[in-house]
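Presented sequentially are two complexes of chain A, the first with chain B as partner and the second with chain C.
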Partner chain A sequence: MKFALKILKDFPSFLWSGLGAIASILLFIALWDAGNQIYGDLVLPSPLETFKTLLLMLQDDSVLAEIHTTLYRASIGFGISLILGTALGLLAGFFATASMMSRPIVTILVGMPPIAWIVLAMIWFGMGDETVIFTVIVASFPIVFVGALQGTRTLDGTLKEMAQSFNFPWHMRFFDVYFPHIFSYVFPAWVGGLGMAWKIVIMAELLATSNGIGASLAVARSQLDTPTALAIVVIMIASLMFIEYIILEPIKREVELWRD
Partner chain B sequence: MKHEEEEKPQILRATNHYLYYPDEKDIPPYLAYGFRPVFVLLAPYMIISMVLWGLVWSGTINIPFMDNILVWHVYEMLFGILGIGVLAFLSTGLPELFPGLVPLVGKRLKYVVLLWIAGRLSFWFIDITGVYLAALLNLSMLGWLIWFARRAVLDKLQRHASLGYALLALLIIEAWFFASMAGVASTAPMDILKIGLGGHVVLILLALRRVNMEAVNELMEDKGIDDVYISRPPLTNLAIFSVIVFTVVEFLYPNNSALGWLGLASGAAVLAITNDYILKDKFILNQPYVIYLALIFVMIGAGYALMGYAILMTEYTGISHFRHFITSGGFGLAYLMVMIIIGWIHTGRHLTSNIYTHTMIALILLATLMRGSIPFFEEYAHELYLYSAIVWALPFMIYIKVFFNFLVSPRADGIKG
Partner chain C sequence: MERLEVKNLNHSFGFTKILKDINFTLNRGEVLSIVGPSGGGKTTLLHLCADLLDVEEGSVINTFSSSAFAFQEARLLPWKNVIDNISLGLLAKGQKRSEALKKSQEIALRFGLEEEDFDKFPKDLSGGMKQRVSFARALVVKPSLLFLDEPFSALDIGLKKELQTVLIDMISKKEISVLFITHDLMEAIRLSDEMLLLKADPGHIVKKFKFDLIQNQRDDKYVYGKSAEILQDEEIISTFELELK
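Our next item is the complex of A and B:
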């Protein structure tokens, strides 16, 4: 409770500290506007036109339905890799042998390009929800897994001994000794995994499905509708920035204070 | 409040530089330190000239002896006041930034101030005395100031060199302006003045970093707030970069849509500087002086953001009105704050906030809002021009009432200067 209150208390100053970032984004948009004036509307629509298209799109029910589809796929995929990755990672972290064994496998998972996974998933699952969800899981699972693994591997041995010698009950041992430390590793991994899930879901949709934001992007491309394409890109970036910076980053900051 | 302070004089932080005081005999108090004659003259000058301009812009009177009144109005409000403002800032601040520098006092100070007065006379009588005399007097004033500040530029550590370079840039811009008015350069004088305005913003942002560091830390020490305020260069630099890009693009491509975004960017970047006031442990945003100083950034930031908005919405008539958030609001507050802070601290007093300081700041804000809202209330334009000028002049009348006695009498703590 105290923790949540502190996050809320620091939230206004956190938001205010984003002004510098907003300034540099606006400078970038000015550069974009200059690009529009040099290369013309077809190649690069003006930022103002893009934002106007975006506003129109957000009032359109069919576009909202596409966003909903994409959100559904991303959250199912990310949810599964969050649960699996955290559970398996924690488990692997408690056993030295298991963590030694899992390392090379994780390296393979991380090293394999997502585009290759999409091709395989299209052969295995066909064109549909499963392909997208599978790709999301494969891409974000290793990130969460490694975070959880690190969290348990780096637990302070002396603290463990202390908890044992004082005969802490199991719930105290878990919530007061292990949990804060592990959470400070797991939570940032979740944030990283979510970012990955959000990027991969669009790519998978673009290649493997006929609905969702990714598919809308493919349609916009084939119709040379650059304002819509850019508006979709803005939706993706803005939603990711909103989730990452407005919701998760304040929590992450507080959580990471545990780590010295 | 004031009496309490005077009964228990403490040694203030900003006194160590007074060790190097020149041993000239019989210096009158009003010439005992650089800021003293400046503020004695600047406050009445602000009142007279602003009320005069208010009468001119509302159409109540006209100035028959000057062609192109708008250009000269902008020139005088920017460069005319800059000269003496910089004199106060440098002659008071430099000995502090560079211990060992002998302050400018007595006769030498008097001559520099007379040079500024001559510059003002040459300005108001420009149709009789000609543009060349005005150029000579005003440029030599700024040139002398840069010569005075040369140590800041030549300093090995380059800690405050940026101030010197900003002043040099302003000197070149002012010379360019006079060349244009004399018909030597072909650039439109108003375009040059807009560059000058950007230069002023840069100079004020640089100067405010120093003023903030001194004033906020002095204040916290005074109130026993155990934290340190640090004005971080990256935030100021981002703001300066944005403002310079805005200024250059406005000169080359006025009313271009990219300029609109640059305006918004500059607004956000200037506002972002206020993040420095959010300290790690202590909350200082409830301190009046922190609010006063933060309002300068709010005003300048609002000016740029509103100009950017006007450009993006292609409502170009609003731009000049919104620019007054930067000038009447930001510059007005910046000058007033420097006058108030130096008026307290460098006359040997504690930084005090009272009903007078609150009122002064509030009146500048009110005047700026009146002046900046003219595009929304076109039918009251006449009244708004006049009354905003009068409201803007009021704080300087209060300043005279509160501070004149301090300025013309010796320091309260008995130290020289």
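Our next item is the complex of A and C:
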């Protein structure tokens, strides 16, 4: 509770420190507008037009339903990755043999292009939720898994010895010695996994489903509706930025205050 | 009577014999030092005594009611501030948090830390400050037996003297028993009642020295005189010079 309050208390100063980021976004939009003046509306609609389209889309119930569908798929897929990846990663980290054996499997999972997974999933599950969710899991699982694995593998033996010399009870061993260290690895892995899940869900939808934001993007492409396509991109990026900078980053700052 | 008794202790890592037939007793209120060259099994011996390693052959009987360990490096939890680090030992013993924090603050001040340092994380402390925190953490639990693993070796002369003075004060009042290892003869002569010489390959005790003068009366002259005397000892010469080969 105290911790949550501290995050809220430091929030204004965090926002203030984000002014630089806002300036750089505005600069980017200015360049975008310059691009529009050079290449014309069909290739690159102006930011103003894009945001107008975006506003109209956000008032449309069917678009909101598409966003909802995508959010549902992404969160189910990422949720499963998060739970499974963290649990298995921690478990593998505690056993040297298991972590050795899991390495090549992780390499396969990371190395295999998501597009290949999508094709396989379409054959296995057909065109629907399962294909998208499966692809999201396969893409974000290894990131979370590796983070959790690294966290447990790198536990400091000298600190364990210190805990032993003071006869720490099990709950102190876990919460004071192991958990903060593991969390400092797992949390960034969650953030990375989430980013991956959000990208992959759009791609899988574009290829394998008839609803969701990804499918809307496919429709916009076939109708050469560039403003809508760009508006969808803006939705994707804005939502990712919101989650990452407004929700996760302040938590990360507080949690990692002790780091160099 | 509280004591630490080591009998016929042998220890190996794999096929390498580290310690051979170690015997000694540390009684309440005494300070026992183990000196020897690096790599001679001193740390292994200390870890066996402190129950950080399992005894394989022989026995270690520890009847002291409580013990604490100060390591060569500070070994602070990087995600806890100074006061929380010091209070760890107290919390592990089940003391109330408010009480533990109060005691930790008192001892921190006594060890030359300042109030503005209390909320700092270890990354913001100098090496000497970290070692102060580590000492405070070990002593705040008021252990009847203290294990020290070359805790002064990385410190500058001033801080070394300061921490030794605190320790000598406690020793002279017989508040604490100490088992410590070092490769610094003068440090051993300044602090200990008995000094064991551990020769390497495998580690075994070749000689014991006793110092009768009470610790707070040992001045520099006494320490230098004794050091000069002991440095003439043939066992000492052979034990330490073997390393230079």
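Please note the rule applied: the second predicted complex is superposed on the first by the 255 of 260 C-alpha atoms of A that agree within 3 Å, B and C clash if a C-alpha of one lies under 4 Å from a C-alpha of the other, contacts with A are read in each partner's own complex, and residues count from 1 in each chain.
Just so it is clear, a contact is a pair of C-beta atoms (placed from the backbone, for glycine too) under 8 Å apart; a residue touches a chain by one contact, two chains touch by 3 or more.
Just so we're clear, the structure is a prediction, and the values are computed from it rather than from any experiment.
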item: First, second, both or neither for A:Val177, with chain B first and chain C second; value: second
item: First, second, both or neither for A:Ser13, with chain B first and chain C second; value: first
item: First, second, both or neither for A:Phe168, with chain B first and chain C second; value: second
item: Which of chain B and chain C A:Ala23 touches, first, second, both or neither; value: first
item: First (chain B), second (chain C), both or neither touched by A:Leu48; value: first
item: Partner chain in contact with A:Gln37 - chain B first, chain C second, else both or neither; value: first
item: Which superposed partner A:Ala65 touches (first chain B, second chain C, both, neither); value: neither
item: Chain B and chain C contact sites that coincide on chain A, given as residue numbers; value: none
item: Interfacial residue positions of chain B with respect to chain A in the complex; value: 235, 238-239, 242, 245, 256-262, 264-266, 268-269, 271-272, 274-275, 278, 312
item: Residues on chain A engaged by chain C in the complex (per definition of touch); value: 158-159, 161-162, 164-169, 172, 176-177, 180-181, 184, 257-260
item: List of chain C residues in touch with chain A within their complex; value: 50, 52, 68-69, 71, 73, 75, 77-80, 88-89, 91-94, 121-123, 141, 147
item: Chain B partner contacts - residues on chain A that touch it in the complex; value: 13, 16-17, 19-20, 22-24, 26-27, 29-31, 33-34, 37, 46-48
